[in-house]
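Heads up, the next two complexes both have chain A, just with different partners, chain B and then chain C.
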Partner chain A sequence: MSSFIESTIRGFARAFSNSLLAEAAASRPGLLQQLDPRVRLAGIMVLVISTVVCRQIAVIAVLFLLAAGMATASGLPVMLLAKRVWAVILGFTGLIALPALFLTPGDPLLTIPARHLAISSQGLRAAALLVLRVETAATLTTTLVLCTPWTHLLKALRSLHLPAELVVMLAMTHRYVFLLIGTANQMFESRQSRSVGVLSGAEQRKMAARTAGVLLSKSVEMSHEVYLAMLSRGFRGDIHLWTDFRMRVRDYLGLTAFIFAGLVAVWIGR
Partner chain B sequence: MDRTVGKLTPTFAGQNVSFSYEGIPAIRELSFQIEPGERIALLGANGSGKSTLLRILDALCFPSSGSVRFRGEPLNQDRLQDQQFALNFRRQVALVFQNPDVQLFNPTVFDEVAYGPLQLQWGREDLVRRVEQMLDFMGISPLKDRPPYRLSGGEKKKVALASVLVLDPEVLLLDEPTATLDPKSQSQVIDLIQQWKGTSKTVVTATHQLETVEDIADRVLVLEAGGVIAAGPPSEILSNPDLLLRANLIHAHRHSHGAVVHSHPHLHGHSRHEHDH
Partner chain C sequence: MHIPDGYLSPSTCATLYALAAAGWYSALGQIKRRLATRTIPLISVFAAFSFVVMMFNVPLPGGTTGHAVGVAVAAIVLGPWGSMLSISIALAIQALFFGDGGITTLGANCFNMAIVGSFVAYGVYCVIGRGTDLRSRRRVLAAAAAGYVAINASAFVTALEFGIQPALFHDPSGSPLYAPYPLRVAIPAMMIGHLAVAGLAEGVISAGMVSYLQRADLMLLRGVENPARESETALPPANRQSPRRLWWVVASLMLLTPLGILAAGSAWGEWSSNELASRQTRAHIESASGNQAAPASAPAGLQRLSNVWTAPFPRYAPKFIKNPAFGYLLSAMFAVGFLGLASLLTGFAGRRRWTIGERS
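Then we have the complex of A and B:
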C-alpha cells in the first residue's frame, strides 16, 4: 500500500470536509450571517484596510479582538480559528518577521552574547506589528469566507463591480473543482484497490504525473461540453447573474458600524 | 426513411446529413423528418450517433455535409448569428445532456434553473415565480440552495431537466434521460414524457433502454454507425429481434435446457422472458 495514495485520498476527503464545514458555518444563525453579503464584504474590507493602515499595536490588537469577537458571535469556534488561522499565521509570518527582531537598529532589549546578536525594541515592535496585522486581517477574511456561502460572496463581489466574466470564472472553478477532486479521488481509490506493497518515489511521481495528465484532458473535454450546454440554454457571450440581495435597516446599521469602527481605528492608530 | 410531408411544416428536416469528429464519421448521409408534436426515440448502441444527432438538432454542431432545417428555416452557423433567430431557437428547443454534471455549471440549484430564463432576459418577478414553480413541480425545492456537487445522480438529473423545462420549450431533446437513475426516478421521468403525449411538444429521446421505448415514443429511428437502419412504430421495431440484434441492442443469450444447449436473442430489462424450443 502506498502512503502517497493514502495521503492523497485523505487530502481529497479533507477538501470535501472543509467545504462542508464552511457551508455549515455559513448557514448557522450568527452576527455576520444576519447581514446582507454585500455589507459583510464591504465591512470586512474596510476593517482589513484599517488594519493595514493602522500604525499603533494597541489599536491593531483591539481590531484583532473585534475580529475574534465577531467570529465567535458568528458561531465560529475559537479552537477552529486558533488551529487553522492563528497558529498557521504565527508560524509563517513569525518566520518572515524573525530577522526584523535582530536586524532592525534600535535600543537593545535582549542580547545573545555567544552570537553577538541583540533584539532591539524597534525590531520587536516591527515584528509584532507585522504578525498582529496579518493575524487580524486573516481572522477577518476567514470569518467572512466561513460565514458567507461562496455563491453569495461572488455575487457580492459582482455588486462591488468586479467584472462579471471574472465572477463567473470563479464560480465555475469552484463548481468544477469538486467534480475534478471527486474524479481524482476515484482514480486514486481505484489505483489503491489494485496496489500491493509500497510504491517507490519514482513510481509515485509517475503516477501523480499520469493522474494530472488524465485530469487535465478530462477537464478540457468537460469545459467544451459545458460551453455547449451554456450555448444550448441561450448563452450568447453576455453574462447575466441572478442576485436577490436586499438591503434592510440592520444592513445599513451594520455598514455604518463597520465604517465607523474602521475610521476610528485609522484615526487613533495613525 | 423520409415521411410524407404533412400539412404542417416539419419541426426538423435533415437531408443527407453527415458529421465527423476529426475525420471519424459519426453521422453518415442521414435524412429525416420530425413532425410537430411527435415523440421520437433514437434507438442505438453506444457510438451509433444518437448524441451527435441530438447536438446537430440543437445547433451545437453543424453538418459537415447535407443540411438541416428547423420549421422550414435553414439551421446553420450563419442563421444562428442572427440574434433574433438564435434567441427564438434557444427558447423553443432545449437539450438535456446525458451527463448532468456538464449541464449543471451554476453554483446552486436555483441559479441553475434560473440560468436559461436569465439568458432570455425574463422579467425578475416572472423569473422567480416560474423557477419556484418548476422546482416544486420536480420536487426539488428543498435542494434550491445546494451546490450541484452535493446532489445525488438522480437529483442532478432532475435539476438538469428542470433547468430546461422551466423555459417551456416546444421541442425537447433528451439524451439518455433515464440512464443512471434509480427505478423511482426513472419512472418519474417516463411519466413526465408520457404527459407530453398528444400535446404540441416535440420530444426526441436518445436511448438504448428498450423497455422504456413504448412509453416514451410514437416512432422509433434505429441508428447504427451513424445511419438509420430502420424506422417505425415501437411495437414493430421491438418485435424484430434480428434488427435489434444487428443494432447491438440485444445480444445472443446462450444457455442450456437439460442436454440441449442453444442461443437466442436476449432483451434486458424484463424480469422474465419466454421462447420456444
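Then we have the complex of A and C:
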C-alpha cells in the first residue's frame, strides 16, 4: 500500500517508542540519575561545549570514552547507543566527511593511481575530527535526554534563568506534541484502513496536505480550548513555576567533576 | 538541515545564538503585545503542530519523499513573529528531547529555519498574493513559492555557515577543524538536495494546506489568529512610542558627525585612484595592510569606474564649503532629510498598496 503512510506511521511509532524508552531509562538507578537534574543539564552542556571547543583528536576520543562510560554507568545498554546513535551518525556524518579525505588540500598520504585520487593527511584529520566530535556530542546529549525525565529537564532549564514563558511553552508543546502525534496517527491509520489499491502520486500529496490542514484546524481549535481552560483555572498571564530541587553534597561533587573534566579537556585540547 | 553539534565552531554558534536570541526577544515582545494571555497556548499548540508536520513524509513527483518544516504555513497563519517562535520551540523540543539537532547549534538552526525561513516565506507570500481574494488560486501558488523559496533560503544560509568554517577555523597544517568544505563545495552540496527535494516538499505541503484551508477553514487564512496582520495603528495611542526621542537622538548624532574629521587618512579599502597614485598615501596603505606592497598605480578598472559617477558631496564636503566641520554637518542634514522623505513616501505607498487579506 501507500508507503508514505506507512513510513509516516512508523515515524510516529518511533517517537512514542523513544519517549517510553526515555521514561524507562530515567527511572532506572544509575550514575546520572542520582544527580540533581540541574547538575546533569549544566554538566552535560559543559562537556558538549568542551567537545566543540577541543581541537585534538586524542582529547575528543577521551571525552567520547567518558561519555560512553557515563551512559553505561547510567544504565543505558551499549547496544542501544551503538544502534541508535553511533551507527546512525557514522552513516550520516561519515558520508558527509568522506569526500573531505580527497577534497581537502594537503600532504598526500595515500594515492589511488587508477582514479588519480589522493587522501591527504589534512583531509583524514578533518574527517576524523568531525565524525568523532559529532559522535561524542550526540552520545552526551542522548545520555542526558534518556536519563532525565522531561519535567525535570524543564525545571532545570528554568533554573538556568530561561524566561518563564519559554519554559512553559516548551512544556506545553511537549505535552501537545504527543497528543497531536496520536491524532495524526489515528488519521493516517483510518485512511490506510479505508484505502484499496495504490494511490497515485497526486492523490498521496493531496492526502498528506489535507491531513496536515485538518491537523492545523484541530490545533488552533485546541489552543482556544486550552486558553479557556487556563482562564477558568485563574490564569491571568502571570507564570509561577515550582522548583523543589535541592543540591546535596554529591551534586556539588558531580558538578565540580563535570566542570573540572570540561576545563581540563579544553586546556589540553586547545 | 538540522545542524548537529560539532559542525560549527564555538564562535559561529555564539554569534548565531546571539542573533537568534535577539529574534526571540523581539518576537516574544511583539506577540505578547498583540495576543496578551493567549500567547502561550496558541504558540505552544502551534509549535506542537509544526513538530508533527515535520514528521510527515511528503510524497514528491518522481516517487521520492521528503520532510517539510511547515514554516510557510506557520508564517501565513501566525505571521512572521509567531512563526519564528513556534518553529523555534519545535526545534528546541527536537534538540532537547529527541536529540535531533545539536544543543550548541540550536541558535544556528533557529536562525536558519525559524527566523530566515519565516521572514522569507511571509515576504514571498505577501508579494505574490498581494491584493488577491483569499480563495484565489494565486494564494495557493504564493504559498507554494513561499515554502519553496523559504526552505532554499534557509539552506543557503546554512551552506554559508558551513562554507566559512574551513577558511576561518583550521589548524596550522591547514586541516579544517569543523565543517570541512569551502563555500564552492558547501553551497552546491546543500542547494542541490534542497532545490530538488526539500524545497518541493515544503512547497507541496504549503500549497496543499492553503488550498485545503480555502475550502474548509478560511478564518485561518484571514489572519484572525495572525498578530502580524494587525495594523500598528490598531494599537491605542498610549501604547505607541513617541518618535520625539528618536529625533533627539538623530539630531545629537548629526551634531557629532564632525568627529569624523579626527580620523586621519582614508578608511582601509576606500582609497581613491589619486590616493593610490600618491607615494605618501601608498606608504600609509602599506603600513595599514601588514606591509603588503601596494600596486604601483591605481588599477585601470578602478580609474575607469571612478569617473562614472561624481558625488554631489565628495568627501562629505561640497566644494563651495571651506569649513570641513560645517561640510560634515551639512552632509548629515542632507542625508537625514533625504532618508526621512524616502521613508515617508515608502510608508505612504505601503499604506495604499499593502492590502493583503482584506478582500475575502
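Quick note on the criterion: the second predicted complex is superposed on the first by the 266 of 270 C-alpha atoms of A that agree within 3 Å, B and C clash if a C-alpha of one lies under 4 Å from a C-alpha of the other, contacts with A are read in each partner's own complex, and residues count from 1 in each chain.
In this section, contacts are C-beta pairs under 8 Å (C-beta built on N, C-alpha and C of every residue); 3 or more make two chains touch, one makes a residue touch a chain.
Remember, predicted model here, so these are calculated numbers, not experimental data.
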| item | value |
| --- | --- |
| Superposed partners chain B and chain C on chain A - clash or fit | fit |
| Which of chain B and chain C A:T151 touches, first, second, both or neither | first |
| First (chain B), second (chain C), both or neither touched by A:G234 | first |
| Partner chain(s) touched by A:L179 [first = chain B, second = chain C, both, neither] | both |
| Chain B versus chain C as contact partner of A:L81, first or second or both or neither | neither |
| Per-residue contact with chain A, leading partner among chain C and chain B | C |
| Partner chain(s) touched by A:A208 [first = chain B, second = chain C, both, neither] | second |
| Which of chain B and chain C A:V53 touches, first, second, both or neither | second |
| From chain A, separation angle of chain B and chain C (C-alpha centres, steps of 10 degrees) | 90 |
| Minimal inter-chain CA distance - chain C and chain B, angstrom | 9 |
| Residues of chain A contacting chain B in one complex and chain C in the other | 150, 172, 174-176, 179, 222, 226, 230-231, 235-236 |
| Complex contact set, residues of chain C against chain A | 4-7, 9-10, 13, 24, 28, 32, 36-49, 51-53, 55-61, 63, 65, 70, 73, 77, 85, 89-90, 92-93, 95-99, 102-104, 166, 171, 173-181, 185, 204-205, 207-209, 211-213, 216-217, 220, 225 |
| Chain B residues touching chain A - in the complex, by the definition given at the top | 55, 58, 60, 83, 86-87, 90-91, 94-95, 97, 99, 101-108, 110-111, 114-116, 118-121, 127-128, 145, 147-149, 163-164, 167 |
| List of chain A residues in touch with chain B within their complex | 23, 149-151, 154, 171-172, 174-176, 178-179, 182, 222, 225-226, 228-236, 240-242, 244 |
| Residues of chain A touching chain C in the complex | 3-4, 7-8, 11-12, 15, 18, 22, 45, 48-49, 51-53, 55, 85, 89, 93, 97, 99-100, 103-107, 121-123, 125-127, 129-130, 133-134, 136-138, 141-142, 145, 150, 153, 157, 163, 165-166, 168-170, 172-177, 179-181, 184, 201, 204-206, 208-217, 219-220, 222-224, 226-227, 230-231, 235-237, 239 |
